[in-house]
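One chain, subunit A, appears in both complexes that follow, with subunit B as partner in the first and subunit C in the second.
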Partner chain A sequence: MTPAKINSGNSRKIISLHLAVIVILFLLQFVLPEYHHLTMTRIMILAIFAMGYNVLFGYTGLLSLGHAMFFGAGLYGAGLTAYHLGWSVPLAFASGIIAGALLSLLVGCIALRTTGVAFMIVTMMLAQVAYLATLYFTRYTRGDEGLVLSQASRSFEFFGATVDLTNPSTRYNLSLALLGITMSIIYRLVRGKTGRALVAIRENEPRAQMLGYNTFAIKLKALLVSGTLSATAGATFALLFAYIGSSFTTIQYSIDALLFTLLGGPGTVLGPALGTFLMFYLVDIASQYTTAYLLVTGLALIFLVLYFPKGILGTIKHRWLPWLP
Partner chain B sequence: MDFGPFLFLASLEGLVQAAVLCLTALGLCLVFGVMRVVNVAHGEFFMLGAVLAWWITNLISTHPALGFVAALIIAPVMVGLIAFCADRLILKRLSYNPEATIVATIGLLYVIQQTVLITFGADARAVNAPFYFRVQFPWFGYSGYKLLVIVAAALILLGAWFVITRTRVGLMMRATQYDREMAQSFGIPVERVYTVVFAVGAMFAAVGAILVVPIRQAHYLMGLDPLLLSFIVVIIGGLGSIRGTVAAAILIGMSDGIISVFFSPTLAKMVSTTLVAFILVFKPEGLFGPSVVNFRIYPNHKGHKGYKRHLRLNKK
Partner chain C sequence: MLKIEQLNAYYGTVQVLRDFSLSLGAGEVLCLFGRNGAGKTTALKSIMGLVQRTGSITVKGEELVNLAAHLIPRRGIGYVPQGRRLFAELTVAENMTIGLMARGLMTSGIMTKDRAAETRKKVLALFPPLASRLNQVAATLSGGEQQMLAMARALCLEPRVLLLDEPTEGLMPSMLATIREVIMALRHRGVAILLVEQRVEAVLPVADRVAFIENGRIKDVVGVEQLSENHGRLHKKYIGKYIGISQ
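Entry: the complex of A and B
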């Protein structure tokens, strides 16, 4: 019997919960004021980033401190081709995703030879190299200053209809659609055989190895999915908001992904999205009062790791809803 | 200037940098070696040292030397106290789990940095050197203070070496580093050793910063560079090996200036960071070979206590 069949009673609950989240997000756009409408668009894209991060951290137990490089690969993969080569939006989007996938494979082959603390430091250092590269090739990237995509490069024909990415409503619904797709990809992945293997590796890698799993290949697959989803978020960000700068590849963004996941609940499908939503608004509110809004980030990290390592949804899953994926 | 004197000047500058880097990296190395945790907030302790030195020299402004000496004594103690509290309040409660500690010290990094931003402000502040004295070489004059930095760092390193290898406290530290459980069963208060080592590690960073602050300036973001450089030094030197760390600090400190002359500093940083990442992946014992007490964070190094400890900590 496959795991899905065992839990067939729960899978209806799970699917309705996820559908409800999507429907609520869809309806929200009609009531939100302009500022929050834009904020929600950003949150949904960052949620894709965090959900991608969670595949590696929450399910596989590999804590990366360098996911900003995958986000950056998507951002620059889409942005540079659109800016310099004049590629259309779908083509640029695809190139961003491919750039992310290639980078994840490369990084995986190097960094996955280590685990634990060494993995954290190696990913952090490689991400630092990626950040420095965006500064070094300033002729193409304009470094910190960044590039701004032109209006013309932000609309495309899709089955005869013109999709204009400067329209807030288009941006909102595109992000929502991508979030929905991400959710279903991750749900399918973690409920399936691979997901079980990932958790087995997280809980005890030598045991998984002994049971005959090629743990390196499975971890590489997890990193590939994780990095590619992060790159998708980056590519979306570049094309929807038309700005590509090296600030998106700083370690700050890697830590944000970690924080969002920790807050929402590592190892749950919806957790990172919830964490992104809460943390984004928390930082947003804090930054109205002080320039030192990163203080909130720091305190949240310490608090979570000390008292709340399972995060919000992780705790709910543990206490009340064991069926939560 | 001819090439010879120019190289001499570059090496002097490199030595100053190496001296400060030695102190900072030694702090990180001690914490890693004995406690087996990576302290990401190490650079912030460096920054705190510099900022507190500015504050103290401003309070005692009768004579620059007096203020500076006071800063050199008081600031490290204050930084040590802060690290002491951080260890007791945070790290101890995490029972020094390596991964949780990294996340917590990232949080600590932000907390310290942003608190300094609120209280000290975003401006860079200069601290006066305790004295102005130029050493006149045949080709150029050189700041006497910078020479003092080199000498002071060397003396402190000698002192640290003496304490670690020749005293009871050092013996306790080495015993804890070598085998935590065995040390505990021989009556060594391991947890107290951890706290002391964490505080002392932070104090090393602070002393390095105070020595360098009259040459550079105090700024709330100044902690990042020493942190990355210390990481590089500790990894190249062989994780937790003190001799290796000192050798690597001198190598990196000296070569950094020279490489930056010939290549773009960004490219130099890119190449060195990549190399260090590869060292960590393929040669985790560092370039200077395994030392007497050497710990690897590599779990598949079988038969070593670190491996058993890794398994134990990862048991869920």
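Entry: the complex of A and C
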């Protein structure tokens, strides 16, 4: 079989798999009880955050400990404009995304001068600056206490129809639509030239440079995509759940994105979404039985590292399904 | 094609190359011999802009010394480093694709789909064993196949100058013959090749000239005919002296 035929066969399998995931998630809303309906909405938004994180960590090999700042940029970019300036939902959403993109470029220009542990530290420090800024400008952000968007500011007109973001079904389907778009963006990115260059950098950056790639520019592009997707998740979260607080910019949220990705499988399109789902429910179920739920989560992670060292989907890809993107 | 003049290279404050000068014509194979630590690999890294250096390096008259490292391959210089440095988790086809994409970045090359396919075909014709392993992950190839892939990836750039750092390292004799055949084929196509080697006997049959390096300086440059015509005397003078092989 020629490589072209193999690739075309794989593409069909990959597209079918991703479509199946979207269809299953769509159908789930009709059978899920209210609590799990809401939980799945949150999971889908956090999955977008983790998938964005994965572009930088899983595909490019850059471990950031500051992605909460991008999530926060989206959250505050959308939330503050809706709360203080009375911007409509679409405008506030766009401002959240733009805030994330601009912050990504700025952070990239500073942090990408470093690599390895230094990159982790620089991103963590910059995220800490962002967190402290949300506490410092309490007059606008109300710090830890946060802001709650009014019900009136959470509906908008779309081609003559009123879209009400307080409606659980609307929130679920909007989250699902954004998850689908994110999947598609990442799939196209990683299967294209940029994706291959990202993997080349992850595998051996000096070698990629010796082949003529401007690795700084490619890494900046990866950080821009990664940060903007994370900000999209933040903006969505602010507008769908109407709460904007500084707790979303703490290092805990950066670590969450890393854990979701590690659990599901870095360097796979669906891995971070699967990791988000499993981690969310693991914490949820464990906390019903014990207050030491983080201990249960930790043990589960040790088990996974021993038996699924590349994350769940990463290990499946490595052992059985090499065509997984 | 390639002209190096008064090149000095440094690792921090330590100077490794001193007034290093060489020239290489189109379709010429020049072997650089020397003891361990003499500066052979540093010379190649200097050309690629991977170490701090001063002096002049020109390709077809274009100065390279002031260019950023990623711009140098785009001027038509391919580099196969020691130890192969493949993208281990990618397949053979993907490793080659990355090389072909890099060709698309070059100032002189517009990489259409047809041209990429043609280049890939030409490169695979030089390394037939790779053609049947396109979907195999690079890390699982044998040492010889990995060396072929490293060379194949560099050739996807369609270089005018190829730098090879110990391409025969750790290879069995049958593989040496393949590497020699590829070098000969490239020479016929007009590619200038600068070859760093420890195994003198493995590459002398394909070389046009030999340069000897000691303590970062070029000590002698001689034609291969000259080396073999006066084998006894020259062996002692060059080979024994510069790379430690006794007669």
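One rule holds in what follows: the second predicted complex is superposed on the first by the 299 of 325 C-alpha atoms of A that agree within 3 Å, B and C clash if a C-alpha of one lies under 4 Å from a C-alpha of the other, contacts with A are read in each partner's own complex, and residues count from 1 in each chain.
The rule is short, and it goes like this: contacts are C-beta pairs under 8 Å (C-beta built on N, C-alpha and C of every residue); 3 or more make two chains touch, one makes a residue touch a chain.
What you see is a predicted model, and the numbers here were worked out from it, not measured in a lab.
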Would you sort A:Arg207 into first (subunit B), second (subunit C), both or neither based on which partner it touches? second
Where does A:Arg196 make contact in the superposed view: on subunit B (first), on subunit C (second), on both, or on neither? second
Now for A:Arg188: first (subunit B), second (subunit C), both, or neither, which partner does it touch? neither
Quick check for you: in the superposed arrangement, does A:Lys13 touch first (subunit B), second (subunit C), both or neither? neither
Check the contacts made with subunit A and report whether subunit B or subunit C touches more of its residues. B
Doubly contacted residues of subunit A, that is, touched by subunit B and again by subunit C: 203-204, 206
Sites on subunit C touched by subunit A in the complex: 48, 50, 68-74, 79, 81, 85-90, 93-94, 97-99, 101-102, 105-106, 134-135, 137, 153-154, 157
For a test of understanding, state which residues of subunit A touch subunit B in their complex under the given definition. 63, 65, 110-111, 113-118, 120-122, 125-126, 128-129, 132-133, 135-136, 203-204, 206, 255, 258, 262, 290-295, 297-306, 309
As the complex stands, subunit A meets subunit C at residues 3, 6, 193, 196-197, 199-200, 203-204, 206-215, 322
Contacting residues of subunit B [partner subunit A, same complex]: 38, 90, 93-94, 98-100, 102-104, 106-111, 113-115, 117-118, 122, 228, 231, 235, 264, 266-267, 269-270, 273-274, 276-278, 280-282, 284, 297-299, 310-311, 314-316
